[in-house]
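Some structures to go through are shown next.
The following pair of complexes shares a single chain, chain A, combined with chain B in the former and chain C in the latter.
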Partner chain A sequence: MLVWSRAARRMIWAVGGLVAAIIYGAPIIVIALASIAGHWNGAWPNDFTLRHYGNALTGDSARQLRTSLETGAIASVFAVLSGTWAALALRKIAPLPRRLFDLFFFMPSAVPSVSVGLGLLVAFSQPPVLLNGTTLIVILAHFVLISAFSYGNISAGLARLRPDYEQVAESLGARPAYKLWRVTLPLILPYIVGALSLSFALSMGELGATEMVYPPGWVTLPVGIFALSDRGAIFDAAALTMLLVAGTFAILLALVRISNRATVR
Partner chain B sequence: MLTIADRDGAASVAPSATQAAEVAGSSIDFEDVTVSYGGTVVLDRFSLSVAPGEILALIGPSGSGKTTALRAVAGFVRPASGRIRIGEQDITDIPPYARGLGMVVQNYALFPHMRVDQNVAFGLRAQNADPALIATRVGECLELVGMSSFARRYPAQLSGGQQQRVAIARALAIRPRVLLLDEPLSALDAQIRRNMVEELGRLHRDLPNLTVLYVTHDQSEALTLADRIAILRDGRLNAFGPSRSLYQAPTSRFAAEFLGRANLLPVTVSQLDADGVLARVRLGEHSLSVRCELQLAPGHGCLLCIRPHALRLADLPTGNGFRATVETALWQGDTQNVTLRVEGVALNLTVSPSQAMPERGSAVWVDFAPHEATLIADEPAHG
Partner chain C sequence: MAETTTAPRPVVATHGLWVVLPFAILCAAFLYPLFLIALQAVTGPDGALSLAQPLRVLTTPAFWRAFLNTIEIAVSASAGCVGLGLGLAILLSFVPFPGSRTAARLIETFVALPTFLVALAFTFLYGSAGILNETATTALGLAHPPVDFLYSRWGVVLAEVTVYTPFALRPLLAAFSLIDAAQIEVASSLGAKPLRILRQVILPAALPALLAGGSLCLLLTVNEFGVVLFIGAKGVITLPLMIYDKAIQEFDYPSACVVAVVNVALSLGLFSAYRLIVARIGGRHAGVV
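And then the complex of A and B:
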């Protein structure tokens, strides 16, 4: 710590805490309040109701939540699988080509996701690859957007792995596949779980690209939320957002617990 | 290819630790091995033979290429040229997992996600050994290193010395043809290191056929443990020989200084004995007799190498001595350290603490037995 006096440290904590609470907490609190507001004309909701949650759970939204969870799960599992594979494959190549690969992977994150969606739409709306209007194109869009983060996380884990472990394993007679499965992957498991969490969270919140490519039968929750707020149904949108937050949070919590169990030692 | 599993397949009737010792050891041969990293040669036409069942210490300053040599045997660096043989087999092109070697690295590298017993069992499991055999072997190896009661712990729950023992047990469990140790004690503190040196010595008495290539930068570990010592300098073999004789009669200035404190006095050869064992050399006005294993001609300049404890103080001129001036005398409890000056060169000498301390500035006679000193060629000092 740079600051030694106890009073000064408390002061800094208090100020920092307040700023953090405002920046991170205020939007969530406003949304949470909106999701249970009957009317809201002043600085504070006029009355409270659970009607919006009722709407959320009865209408299309339950299906949209499921769609989002499924999209998130499939896209992030694929992102982690291919990210792991890419990180392992690119591990031993020289730094310069490797940088270029990294750059290539991260490009989709640097352009607006709407453009990514548009690009996919244009690319795959004519033969031979006709994905226009399919579920697959949504998952593909999510995959393109999140795979770089999976790759980045996992290659960071591999870079931090001392070569000793794998070399000792090899000298003890472990063939490459055995070594990978019993030593390399378990040792980077926390990074893999981290990549999965990040990918999943990013996918759950993805809107721009999805908006461009989604077919009528595969509406994700963010698309639903956007549609509601577009129509002016702000409170319903807020209730859906809370649902999205809860669903994502539950999954991430489970992943954190897996990760913890993998790193306790 | 003869793997450990193959060899055990024939005789998998619950072998005991003593039977482990009966697996005949293999030799390790480096033949003109050159290794370079991106154009920099770090091992230069290195040749060395490790005999079956011996402990050979490969020592040298940091960066001299010791680890590289060891990793070339293990298969993690590829020689640019030269061959490496284990026993009769040329292993240069064999992948590391098929070499059947035990390797212990500096930081132990115990698998943190496995218990101690799982770590020790790793090699046998990887080679698909019979579960009953694995269980017995893990028990034996943990017993051998005194870690039986820690079998169910995780590495993070062990001290450094304990982790080191487990790492050794893990390497021994596959009945390696040779054991490669890379500075195995350097991460331990001094007291534990001394104990571990003794334990390694005991371990090798229990497994007398095990060939051990022991890499260290600590000359005392090497002198204590090794049958023979090879000294690397800048990727080249600088000196090689049985530990005791290399210490007493180092073959190079570098070896003399690396293996312990050495006095190096510039002398001129005046005469060689007919049998070629002793030579007479001149140190200033003194004529001395000394063992000589070099090919030298009279008139040749070289260095007279004497260990501090091989020198004796005398009051009167004796057969094989010279006169020197006392510069400092330091009492250090179990020894006295005396610094002398002769012909402009400083000279160290240790004497028993009971001996009267010579007076500073006084002239004394210094004496040594001809066979306790040696002649070495002059070469630039290292460092």
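And then the complex of A and C:
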């Protein structure tokens, strides 16, 4: 306890709460408000409507929501696969090369996403592999960007793993594949699920690389939201943003519940 | 000792091969494209290597404006993140209130939200016809909206502070959780005022975490694209936005590649600094998220 007087503590809470509410509460509330605003001419909305959600769930926007969900699902599953694989493989090699590889696997999270997109455009607009203008290049861009995050999550989990369980399994004669499948992977399952949720959330909100590489037939939700807000349809953009946030959270919650059930068992 | 190190060596060698597959994927999808960007940046129209292209781009005033904008925005936003993060961390750790852990967790969920959400929200809050300006003009009877920072550099800075403070907050909360509460209670029972405890006990313990959080924020704000694009202020062009403009709006890939090389070099420099700081303070957390 740093502040002993009750009055002083109350005042600090009030100021801190106000600052936090302005900085973190207000943006979410105002987006929610805008998504149901019919007309907004004064300081506050004049009337309310669900029209923007209607627009969001039909036509182009509905397709973009599906595109984002599919891109996020595919990219994050592959990112977690490759991240888990890389993190497991790196445990077995000497410290110096391990630190070097570790640096490389983290690198995609450190460079601007726009340049990841630019690199893919430059690399795959020329033979031998032509991907420019395909769905695959969007998924690849998302995969590259989020693979670093899932690698990071899983290698952090592995670093926290106590070695005894694996050593016991080994001393009882478990083969490496059995040990991996029945001991190591179940122990790091919470981190795998964590990596999957984070990857999915990041993919759902990815804008920079997608703006660079997306073909007209594969428009993700953030790209659609930007197009709407650029065109001045800010209420529709707000409704789509709410759907993006809600969709992301729904899937995160579902994954957390699955992981809880798995660890309780 | 000697027997144990020589015997398992062949096993270790084959174990190392497992890393080949993920690394090959990383090479094909990330390192090779990055290399091609660098190559394209120094390739002339005739296909020969030449420095004419980078020299032409690097001597334009537009490039330097974008470069300085990027640095100024990143430094101001990171300073804001560190300051706000420190304030919130002290509040959450040392003046805890019922529900402060939930509050910390709620702020942390901002990490998973798209950054442009905040930029979009700011249009409604602080835009020329936003809540703040409309309230002020009707209440005070003004002819013009009094608050006009959103479409300047400061709008971008404030939005980035909102988005990236959780990244500065997290290492600080971790560092503060290691401070022994008795240390603070002893200091205050010996008559130290809260400000003195802050200066002599809490801040020294927070310094490594401040550095780690600050350099991470610097890296993330240098790379930020969504906020700058959404706020769309005329004069505020940063390096990532310039890459996008050159490549997508002007189809000028060679220039975009030159800018990208500078931006990637800047980011990787900051990333190395961040990793060095984290390694120095002995944190396990080497990732960006």
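Quick notes
Everything that follows uses one rule, which is that the second predicted complex is superposed on the first by the 241 of 265 C-alpha atoms of A that agree within 3 Å, B and C clash if a C-alpha of one lies under 4 Å from a C-alpha of the other, contacts with A are read in each partner's own complex, and residues count from 1 in each chain.
Just so it is clear, contacts are C-beta pairs under 8 Å (C-beta built on N, C-alpha and C of every residue); 3 or more make two chains touch, one makes a residue touch a chain.
As the structure is a computational prediction, the values presented were derived from the model and not from experiment.
Contact with neither chain B nor chain C is seen for A:Ala246 once the two complexes are overlaid on the shared chain. When the two structures are aligned on the shared chain, A:Pro186 is found in touch with chain B, with no touch to chain C.
In the superposition on chain A, contact is made by A:Gln167 with chain B only, not with chain C. In the superposition on chain A, A:Arg175 makes contact with chain B only, while chain C stays out of contact range. Looking at the shared chain after the overlay, A:Gly208 reaches chain C, while chain B stays out of its contact range.
Comparing chain B with chain C, more residues of chain A are touched by C.
Applying the stated contact rule after C-alpha superposition, one finds that A:Leu18 touches neither chain B nor chain C. By the document's definition of touching, neither partner reaches A:Val256: not chain B, not chain C. Common to the chain B and chain C contact sets on chain A is no residue at all.
Residues of chain A that touch chain C in their complex: 1-4, 9, 12-13, 16, 19-20, 23-24, 26-28, 30-31, 33-34, 42-44, 82-83, 85-86, 88-90, 92-94, 97, 101-116, 118-124, 140, 143-144, 147-149, 151-153, 156, 159-160, 197-198, 201-202, 204-208, 211-212, 222, 225-226, 229-230, 234, 237-238, 241, 244-245, 248, 252. Per the touch definition, chain C reaches chain A in the complex via residues 12, 15-16, 18-19, 21-23, 25-26, 29-34, 36-37, 40, 84, 87-88, 90-91, 94-95, 97, 103, 106-107, 110, 112-118, 120-125, 131, 134-135, 138, 161-162, 165, 181, 184-185, 188, 194, 197-198, 202, 219, 222-223, 225-226, 229-230, 232, 239-241, 243-244, 247-248, 253, 256-257, 260, 263-264, 267-268, 270-271, 275, 284-289.
Only residues 162, 164-165, 167-176, 178-179, 182-183, 186-187, 189, 262, 265 of chain A touch chain B when the two sit together in their complex. On the chain B side of its complex with chain A, the touching residues are 3-5, 74-76, 95-103, 105, 107, 109, 111-113, 122-123, 126-127, 154-156, 170-171, 174, 180.
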